[in-house]
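Labels run A, B, C and D following the written order; every chain starts at residue 1.
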């Protein structure tokens, strides 16, 4: 089962600067070979369910290893059985609507 | 690694009544032997990381089997390495503050 | 427009114990006269849109006043135009499904 | 108080194709003059608290007007009092970490 997710990782108990921890999680995703796109509030990820969630677990582990005693993450998770849909497809379908309706 | 999560499952493409699908997911959690508590916007779940996320995957599968072509879920996920904390502990620590500060 | 929301407030930069801040937010909701129910990962709230979101803003302000330099909150927000639905209705409709299907 | 949010709007009861509704919400944000960036699971928005949340309310209203009997949205909301931080700053601080650590 393929899945697209949006992952936001918030380390707690390490002060206010969180970018080091988010960057560590980005490297986990890259090493896992998962297609992913960073945005200002999280990262869009796509892939096979078990691989994607193994990477989410690894993110929590790595952020703890960097010194965070608590990790709070939030995820949006999408699966569909009617047709395949990539992260790129999702953005494109909205952008096409915006162009069409502007005419 | 233990984890506490808050899971909200929204089937898409099956009309406006979603309770049948949420109930199916509740049964998945019960069958998995996971401690869980339903609230109006989701379900709090606690347990070992792999067992909890196997149940989340099973929820998506079951909701698709019931006829939903798309499933959109949102999760809050908490892990901590400083000390164990159950779902009950989390609620209790806030409630104790409310009582203390009222005095 | 009525709304039901699920609010989770995470103060950042104040260490690992967050219950004091969550309790302060609970008091904001009580003072606002909003129906609300605490769970292990947040608080379900219902009411008129503007009153509910004024309370969410007040929660952020109060948590900052208590010393948190950053506040990260997550919300699930539900509105419906087909029929009114309270927080209680939402839980009850799932629980009834669980009982019915058990027979 | 300035705020950065990440908004994902899911109309319920209108079938599986949601892009028309998401595009309508994008137009609300543009008309409100709010800086915003679409990604595959939502939209990052920044601005003054009251203006941003007025636009979120307007999104719910517009999606209902387009025919959705239920609207379920999820938000991540960030405020900070220590220093200003734009959406662009948030992405940049992570990207700089990624470059630095690669050396």
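Convention: a contact is a pair of C-beta atoms (placed from the backbone, for glycine too) under 8 Å apart; a residue touches a chain by one contact, two chains touch by 3 or more.
Quick caveat, the model's predicted, so the values are computed rather than measured.
Trainee: Name whichever of A-B and B-C has more C-beta pairs touching across its two chains.
Mentor: B-C
Trainee: Which chain maximises the distance between its CA centroid and that of subunit C?
Mentor: A
Trainee: So subunit A and subunit D: same face meeting same face, with over half the numbers shared, or different?
Mentor: Mostly same residues: over half of the interface numbers shared.
Trainee: What's the distance between the Cα centroids of subunit A and subunit C, rounded to whole Å?
Mentor: Roughly 25 Å separates the two chain centres.
Trainee: Can you compute the centre-to-centre distance for subunit B and subunit C, using the mean CA position of each chain? Integer Å is fine.
Mentor: Result: the chain centres lie 16 Å from each other.
Trainee: In whole angstrom, how far does the Cα centroid of subunit A sit from the Cα centroid of subunit B?
Mentor: 19
Trainee: Going by the touch rule set out above, which residues of subunit C reach two or more other chains?
Mentor: Residue numbers touching two or more other chains: 13, 16, 69-70, 72, 74, 76, 78, 80, 82.
Trainee: Chain contact graph: line, ring, star, complete or other?
Mentor: Drawn as a graph, the chains make a fully connected set, so complete.
Trainee: Quick check: in the complex, which residue numbers of subunit D touch subunit A?
Mentor: 4-6, 8, 16-17, 19-20, 22-23, 26-27, 37-42, 44, 74, 76, 78, 80, 82, 87-88, 90-91, 93-98, 101
Trainee: Sort out for me which residues of subunit A touch subunit C in the complex.
Mentor: 10, 12-13, 15-16, 18, 69-70, 72, 74
Trainee: Quick one: in the complex, what on subunit C touches subunit D?
Mentor: 1, 3, 13, 49-50, 53, 56-57, 60-61, 64, 69-82
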